[in-house]
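Everything below concerns the one structure shown next.
Chain naming follows the written order as A, B, C, D and E, and within any one chain the residues start at number 1.
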Amino acid sequence: MIALVVRDLRLAMRAGGGFGLGLAFFLIVTVLVPFGVGPESTLLSKIAPGILWIGALLACLLSLDRIFALDWEDGSLDLLATSPLPMEGVVSIKALAHWVTTGLPLCLSAPLFGVLLHLPDQGHKWVVLSLLIGTPALSVIGTFGSALTVGLKRGGLLLSLLVLPLYVPTLIFGAEVARRGIEGLSTATPLLMLGGITFGTIALLPFASALVLRVNLR
Amino acid sequence: MIALVVRDLRLAMRAGGGFGLGLAFFLIVTVLVPFGVGPESTLLSKIAPGILWIGALLACLLSLDRIFALDWEDGSLDLLATSPLPMEGVVSIKALAHWVTTGLPLCLSAPLFGVLLHLPDQGHKWVVLSLLIGTPALSVIGTFGSALTVGLKRGGLLLSLLVLPLYVPTLIFGAEVARRGIEGLSTATPLLMLGGITFGTIALLPFASALVLRVNLR
Amino acid sequence: MTLTVTDLTISRGGIPVLEGLHFTLEAGRALVLRGPNGVGKTTLLRTIAGLQPPVSGDVDAPPESMAYAAHSDGLKATLSVAENLAFWADVFGTKSIEAALDGFKLRELMDRPAGGLSAGQKRRLGLARLLVTGRPIWILDEPTVSLDVESVALFANAVRAHLAGGGSALIATHIDLGLEADVFDVGPYRAKATSNHDSFSGDFDEGFL
Amino acid sequence: MTLTVTDLTISRGGIPVLEGLHFTLEAGRALVLRGPNGVGKTTLLRTIAGLQPPVSGDVDAPPESMAYAAHSDGLKATLSVAENLAFWADVFGTKSIEAALDGFKLRELMDRPAGGLSAGQKRRLGLARLLVTGRPIWILDEPTVSLDVESVALFANAVRAHLAGGGSALIATHIDLGLEADVFDVGPYRAKATSNHDSFSGDFDEGFL
Amino acid sequence: MGSFWEYANPVKFTRMAETVLPWVSILATVTLVVGLVWGFFFTPDDYRQGSTVKIIYIHVPAALMAINVWFMMLVTSLVWLIRRHHVSALAAKAAAPVGAIMTVIALATGAIWGQPMWGTWWEWDPRLTSFLILFLFYLGYMALWEAIDNPDTAADLTAVLCIVGSVFAVLSRYAVNFWNQGLHQGASLSLDKEENVADVFSTPLYIAMAGFVLLFIALVFLRTRTEIYKRRASALLARERLG
């Protein structure tokens, strides 16, 4: 199992900055929004937590297709399926590697991008906290979507279509935590829900992912 | 040349709805924004034109990597390069096919999504107009980016990074046309600039794209 | 370590391609599958390796005893030859890649990224992977594609050594490998259109076929 | 329709692999390239086909006279066999795909999507593409990979017919094709490390090499 | 002396770099120290901005260099595409990180400055915005170099990107200006005397700018030479492999 983590992280690094690129995309989404909606700082600071969450979500989404696609194309996935590793382990490891290369850097860099969007000062900690709790769920759900579409040529857009509705609850609670935190309201309920989603998906979704992956290999 | 257009459109249809998926992604981005920033309708109607433009841009962006990647993987691109078609023609055709399958459906469906975001009534025609003029530029610029990254494994995110700054002027003028149109201000200057960018890129960028594509095949 | 196939029917894309297959592969033996293009050899090998379920019949083998090598070698272009091998060695829990490197003359290519190999060199690396799996039953689909004469001999030697060590090999190929092996022609087992399929009856799922 | 290669040096990934190549391919002749794995056959064929520039030397052939067939066949999985062929026929401006369908026994597979073909059937379709290009000089990289004996014979017939019609063919392969053709072994032309490389001098850009 | 193009030969270039580099480095250090020390310690505080004004001695030269480095990359890219001198391509590669860092310095010092002046770290002012875009161009350019193995391919592709990117960078500048008329300082060293920074401030500023230019030249020489050695090392390794 560790061999797989190491390999995936190594591949992410070799491929010209697997870490950097997810980040760069996040940066660019936050940069585009002001161009689209205009430079007014009050408007921007109002939509900032939501946009940060949407940016993180899209950055995750864009990197999903590479979770299994490359391994499928070059036949590694067939070989992994006939190897001693259990399929559930393989998908969990894949989700972990995805989170380390995408979710984690996003969480750490969110405060910086918050500045660009005039996020109120007390907002930074809430955005980071909600991202830290929420992004693992994004990776696990994304791995499921990726397993579901792995055999399909041009699965990229189909993948987005399938995964985005699954992301909605995470997004709603995550953005809600950040918004309430900024306004000084109680964040207990959305935080609890967010944590629940994350733990639930981590505990259960790998079984579904392993199942659809096996079906897709057939 | 016509054979290539026909083939690309046919492939887009066969692959489980090349047209539908770009649209679906556009839909989902517009749906996510209210979840992220909250449901207030005045806020939404204010950011609506910008979000529609950003949504269109991201939908374009996500479908870029398939412009050349599939043809490269299965060797078609090598064969096309040794065929009687001039490379400049090939890239232009590819951009055209991309626009027909992505840009055009986005333009036609934008009014519908505008309703979801409470876009003011007089805004619809401006959004559609600006998208119609601007999206061809997005496809042509995207084709350049796609040609630039075609040989690279996992070029997807790199592609986004390279293309997004190139999209900035188009986005700014496009969103500006829509915003000014809604506020009843003069839209002549941004419209002119937007048109200029589109014609300029259509006229010149295919040469650059053909050049980098040839380099990448070597 | 015996692989037994009993009355096996396999399908591809929902259509039965081979039926009524029976054979046994003992330890220390190699079996070469032959048959014209499109008859279903790849499908058969994938079924035996457990990648797809059979329509009917059984594949009997000790669990986790098979190593499958398909057309695609599962190589990562950005990892070096040694890293690629070491990864699979880790996955299969065998720690040494030395024998594999020597067996397929890969030592001098060791530090090159796999993406920079020629077609035949890639193939050699793909075959070397078999040696690090430590599995007794090899399931090989056209293993010598794009190998030169010398490399084919390397491969034949590797198979011979594997058989001598008590392993076995099931190989689908169109060309002569220079191995002393039994040949099994799957051509006669082509699935026939069954008679009940125009009556649209029969039990349960068979109504579709 | 003569292909002339004069004093050609080619490189792959910035490193010279073959140098000092000289040969001529007349109309009506076939030339088989041989050489061990990794010697540079694929690189040579790509250079001749114009996909990459030579380091030095010349490739002389009438413009637009070559049809290149590599390992990957450029098939679209979702298009049918006939659609795939028709597309290439259109691109090369030859309108009929009938001869190609018959030449490689593809008529019964005509309406199947290319993605649902077996390895050998795909390869046959890839070779059939050559017939619709209408180009006189064929540049083929290991054309018979995963073909069965019967299909290899089909291929040999297609090449013979092509030669008889005044065409020519340059074929890199490791196996015997049953063709009466000249053989050119590229082994002896392996690029040698030049002596000036340790003096770090010499003219212009050679400081790197 | 011979023609200028002689130095396109990597060997000639490295020899030349060897002799020039120490001098340029010394000169750069001296001018930088003089400029910055003078600027920081021997100028009066501004009556409006207090001592924060002194950040100008880093901010303005860095901002100038950020643009000029890109311009230099554009020129060397063109030289590579037209005359195919490897040194030119490598110089562009060597300059990019320097330019990117200059851009970051300009943005960071600007942000530090903006906090007391405008009460915010960041404002979507056209100048700042176009620098942010420039930074993205630098990032993409460097990422593309990193992503490609074959050095000649990488040189070709990045050169085309640099040229196309330059056109779009200029376009963005206009677009951004149109989009938001900002609150940033206008050009402060223009010929228009009234707007200009007072002489007490400007002399050390000019010296600091010269220092930055010299520093850049030294860095580019150093890095280009390193790139040449790296190219050569990998070529030798590859040769060895061939036997």
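FYI, a residue touches a chain if its C-beta (ideal position, glycine included) is under 8 Å from a C-beta of that chain, and two chains touch if they have at least 3 such contacts.
Computed from a predicted model, the values in this text were never measured in an experiment.
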item	value
Steps needed, at fewest, to go from chain B to chain E via touching chains	1
Rotation angle (°) superposing Cα atoms of chain C on chain D, nearest 5	180
Between A-C and A-E, the pair joined by more C-beta contacts	A-C
Computed distance of Cα centres, chain B from chain A, in Å	24
Euclidean distance of C-alpha centroids - chain A vs chain D, Å	45
Length of the line joining the C-alpha centres of chain A and chain C, rounded to whole Å	37
In chain B, residues with contacts to at least two other chains	15, 73, 152-153, 158, 161, 164-165, 168, 172, 218
Shared interface positions of chain C, touching two or more other chains	71, 78, 115-116
Residues of chain E touching at least two other chains	133, 136, 139, 143, 147, 149, 179, 241
Contact set on chain A toward chain C in their complex	2-4, 7, 10-11, 14-15, 71, 73-85, 217-218
Of all residues in chain A, those that touch chain B in their complex	15-16, 18, 21-22, 24-25, 28-29, 31-33, 35-38, 43, 46-47, 49-51, 53-54, 57-58, 62-63, 65-66, 70, 73, 152-154, 156-158, 160-161, 164-165, 167-168, 171-172, 175, 179
Interfacial residue positions of chain E with respect to chain B in the complex	133, 136-137, 139-140, 143-144, 147-148, 153, 156-157, 160-161, 163-165, 168-169, 171-172, 174-176, 178-179
Complex interface listing, chain D residues touching chain C	13, 35-40, 42, 71, 116-121, 123-124, 142, 145-151, 174-175
Residue numbers on chain B that touch chain E, as the complex places them	144, 148-149, 151-152, 155, 158, 161-162, 164-166, 168-169, 172-173, 176, 189-190, 193, 197, 205, 208, 211-212, 215-216, 218
